[in-house]
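Each structure below is given as structure tokens.
Two complexes come next, and they have one chain in common, chain A, joined by chain B in the first and chain C in the second.
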Partner chain A sequence: MTAWATLRRALPMAWRSLIRQPARASLGILGVAAVGALLLDMLLLSEGLIVSMRDLLARTGYDVRVTATEDLPRNGPRLRDVQATLSAIARLPQVRGALAVRFADAAVALPHDATLDASLEGVTGNAPHPWHVLRGRDVREPGEAVINESIATGSGAGPGAALMLRADCGVGTEALPPARLQIVGVAEFPFALTNENTIGATLGTVMAACGADGADQADVILVTSADDADAAVAAIKAVRSDLGAATNEQVLGRIQRTGFTYFQQISSVLTTITVSFALLLIAVLLTVSVNQRLGEIAALRALGFSRGRVVADVLCESALIVAMGGVLSLPIGAALATVLDRILKRMPGIPAELHFFVFQPTALTLHMALLAATAVLAALYPMHIVARLPIAATLRDQVAE
Partner chain B sequence: MNDLVVEARSIGRVFQMPAGPVAAVRDVTLQVRSGDYIAVRGPSGCGKSTLLHMLGCVDTPTSGALHFDGRDVSALSDAARSLLRLRHIGFVFQRFFLLPMLTAAENVELPQSEAGSSRAARERRTRELLDYVGLGARADHRPAQLSGGEMQRVAIARALANTPRLLLADEPTGELDEATGQQIAALLDRVNADGTALVVVTHNDSLADRARRELLMRDGRVEREIAR
Partner chain C sequence: MTFATSTRALLVSAIVFVAGATVTRAQPSSLPSVVISRHLAEARQLSIGSTIRVSTDRAGRRTREFTVVGIYEPTPNPSRLGSPDLEVRFHLPDLLDLTRDPATLAGSEAIDGINVALMDPADTQAFARDVNARLPGVDARPASAASGSAGPFIVLRRFHLAIAAVTIGAATVFLLALTIMLVEERRETVGVLRLIGLPARRILLQVLLEGVMVAAAGAAFGLLLALASERLINRFFQWKYDTALVFVRITPDVALTCVAIAIPLGAAATVIASWALLRRNALRLARR
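For the complex of A and B:
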């Protein structure tokens, strides 16, 4: 008899065996569902941040980022002589567009002497702005600004209103005079943190708000390559070897090295633990079940069932428990990922649009492969018991009992 | 077909125990022919079940030679012995060992399915066998819904499923009351009368008295054989 024919005959038997012991089957299936859900989440977490960050970087349309050093934007010194640098980069044939961005903190004045902390982004260049206008229009002139929904809600202001703010540009300790900005639109900022108040304006506006502090400086130049990011990086380095230019993938590599490694390590450890739990759970359930049925199994062997057939019964039973538990683990895992994502996003410094758990087909494939391997490995010991079962001695022992 | 079903020549079975080797069966020579009805009796631990297991090819002798249908059983692989049991040997156990999640009919179908019978052939044969043992109306009942005697009748039907040449029964009335035991004994008589060789291990005198040959065992040896 072929292995396939053996498995085909064993499957209905295994199914009935599970139905016969609903408590045991339910325990196994729910156990696998629980650890399967955790396993799925760990697999989603292991690559989720990277996938989400890659998506976020790509969504803005820039594929090269230029900073003063190899540090990530806002983590190192600012670019100096930014207008000249921007022009030099924008002129390169490998570059389609370039945009200098300067970040600053600001306190927005509210009625009754109250203030609202905000993040200010000033931009200049020939590439699209790194925000998406939802209402009103984009900034065109110095003195104009777009605000995000959070600040619109917090200040009650909208397009057409004015905004008074006092910038903190991180240079010097001198108090800067208040700046008056005309709100022209409400926009979405992909890299804004959760509940962060963000204002977008021209670089000139931000420089004016910052006064003499850090004039002609920017934190990053965002570049859209003509068609090849690597070629654009090479061209930028050829003209300005003192700057740090990196493609999105290189930026991701830096982020992965500095921050995301912890999540990958944690997810690897938890993946190993959850798979081990699943393995132990199923192995124990099957071993107990087999030990309870030794007489029946010996009788089947005496009636002519081959060793392979009774082993296949155990394997199929394991496969059914894991398959049903695995299917159940998907919605549980998805729900759990949503909850965990919300909790983790409360960490400081995490962009609201960044997700820790991102669904990927490869994670699902790996999830299924790991569960399938678990089903086989968990069945090994009980299969060994069944395969090595001495028929005559077992029948004798069962009668003696 | 060869009239000789099983031939044991000076077979013995020694178990290696922690306290030393124990000879459960010693130097037994026996021939079982088509239509034979043999009862094996003796005190507990005298080797009756071990002899039965060797005749049924679930255990192999440690000495002597055992031939089934002229084939040397010790030369067969485990898979070949399984196939031999599936096609030519039926077993009836004291504790029935029916699969509790299957109905009576499904229990009887099981060995046929394993032997590769078609669904139609299996259903026909199962109906025949359940009628034969008087349980045609209980085909869809699970073992838990049957009495001890009914379970043993289903077990006999299951043992006969692939039309074996040899039916081995180990204390088939051991778990049954006297009256039910008599019904099972009558059923076994009928099975034997229909041509199946029968070897029964029993402590039950009335069952043993129905056999045409009786082997009395003591200390692993056949002490006496009574022919009727």
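For the complex of A and C:
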């Protein structure tokens, strides 16, 4: 009889062994489900941020980012002579479009002398704007602005209304006069933080709001390559070696090396711990269970069950516990991932659209493989006990008891 | 005490991440002095007395020379884990000379903040209020409130607590399964004890004490394991990331919390598992 046929015949017996002890089996399955859920979440976390960030970067449509240094936008010095730099980059044959973006903080005036903190984005160039208009229209002229839903709700303003704000452009600007912007639309900003109030306008509008501070400066130039992002980076570096140009993958690599390392480490550590934990506990459960049924197993052997058959019975029992726990762990893991994602997204500086736990087929495959390996490894010792069980001596002991 | 302002530059040290540092070795001279981080010293083989040429742009224009007079261990920063702290600390006037825009008049530059050490640290709140009232446009805050890194750590703490809660839940389920099996093994003993006249409450008390002792031994073993692995984990990650950051610290509070959770949980699992058994008929338990 082949091993597969032995396993198929052992499966119903293993099932009956489990349902004979429903409390014990249920607790074992529930335990595997809890550990499996944690394991799944850690596997989702290990690459979740990178996958989510890659998706976010790709969704914006730009595949090259140009900054003054290799720091991420808003973390390093600004680009100077931005109009000349933008023209030089946009003229390159490897570049389809380029858009300079300048960020500033702003305090939006509300009735009764109240203010609303907001983030101001000023753009100029021949590439699409880094926001998606939901209502109204996009900005066309200086003095016009689009706002996100958060600021529309907070200020009660919408398309057609005016917005008074005082910009804070980072360098000695607390005395700037207020600027008046005409709201022309409500837009969605992919990189907006959770509950962040964001205003989009032309670079000229932001420069005017910032006064003389940092005129003709931008934080980043977003580039859409003609067809090859690497070729566009090489071309930009050839004309402006003093600038930092990087493809989305290079930006992800930088982020992966620094900011996201912590989550990959904690994911590796917790994956190891949860697998070890599951292995140890299933092994203990099966060992105690087998020890309690030694007489029964010896009787089965005496009745003609082969050694391979009783060993397969233990393996199937382990596989059933882990398989049922594993299936149950998927919805529990998904629910837990939602809760943990919500907790981690409260971290400052995380875009609202970014997720820490992202479903990937590879994570699910790895989850299943790890649980399968756990089922086999956990069954090794109880299988060894059953395989080496002396039939006559065990039956004699049982009779004596 | 920290306050953000755009007033004239003061003579305090500042940190700058300099792009395009090139290295030459020279005899100590009258060049302005800087101190550099250990990571930068190791990365560029610099030592005290080295002369460095520093520029604020990648093309290396407008370079200035400085003498390294000290090497310091950078304050560990979890948010920069895996990224070496390549830092140079200047005297503020030197930094302003280096970074000043040609169109900006010397002395009119902005700085990010001023750190103030008060004669009496208890005066921080009053001092901050006073500065904010007297200097419009300046935001003075006690240093503890100015720490922008507090947010991520609070979030990470919540995340770790949530993970710990799930782990405890899984451990409890397994513990319950194990105790049910162990109690089942002793059903005949319990039946005999009941038949010779021991009341169920007395047996339950005995089981509870046994559970407490086993849980206490388990908790003690767990703590010893944690203490033994603490140094191992810290050394590994400090080596991996070349940082002095402490990753795991078993404080008395953490140890007490673990014991306070583990012992009642272990004892409760034992009692719950035994309770179902004790409610059965003594004759059935003894299989008579």
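General observations
Methods note: the second predicted complex is superposed on the first by the 399 of 401 C-alpha atoms of A that agree within 3 Å, B and C clash if a C-alpha of one lies under 4 Å from a C-alpha of the other, contacts with A are read in each partner's own complex, and residues count from 1 in each chain.
Please note the rule applied: contacts are C-beta pairs under 8 Å (C-beta built on N, C-alpha and C of every residue); 3 or more make two chains touch, one makes a residue touch a chain.
Keep in mind that this is a model prediction, so the values were computed, not measured.
Of the two partner chains, neither chain B nor chain C is touched by A:108. In the superposition on chain A, no contact is made by A:66 with either chain B or chain C.
In the superposition on chain A, contact of A:399 is made with chain B only, not with chain C.
Once chain A of one complex is fitted onto chain A of the other, the partner contacts of A:321 are absent, as it touches neither chain B nor chain C. Residue contacts after overlaying the shared chain place A:243 against chain C, while chain B stays out of touching range.
Looking at the superposed arrangement, the partner reaching more residues of chain A, out of chain B and chain C, is C. In the superposition on chain A, A:51 makes contact with neither chain B nor chain C.
Of the two partner chains, neither chain B nor chain C is touched by A:127. Of the two partner chains placed by the overlay, only chain B lies in contact with A:301; chain C stays clear of it.
Within the complex formed with chain B, the chain A residues making contact are 1, 9, 16-17, 19-20, 295-296, 298-309, 391-392, 395-396, 398-399. Residues 23-24, 27-28, 30-31, 34-35, 37-38, 68-71, 76-77, 171-175, 241-244, 257-259, 261-262, 265, 270, 274, 277, 281, 284-285, 288-289, 292, 336, 339-340, 343-344, 346-348 of chain A are the ones touching chain C in the complex.
Every residue of chain C that touches chain A in the complex is listed here, in rising order: 6, 17, 19, 56-59, 61, 78-83, 110, 137, 148, 151-152, 155-156, 158-159, 162-163, 166-167, 169-171, 173-174, 176-178, 180-182, 184-185, 237, 241.
Those residues of chain B that touch chain A in the shared complex are 49-50, 53, 56, 58-59, 78-79, 82-87, 89-91, 93-95, 97, 99-102, 110-111, 113-116, 158-159, 162, 170-171, 174.
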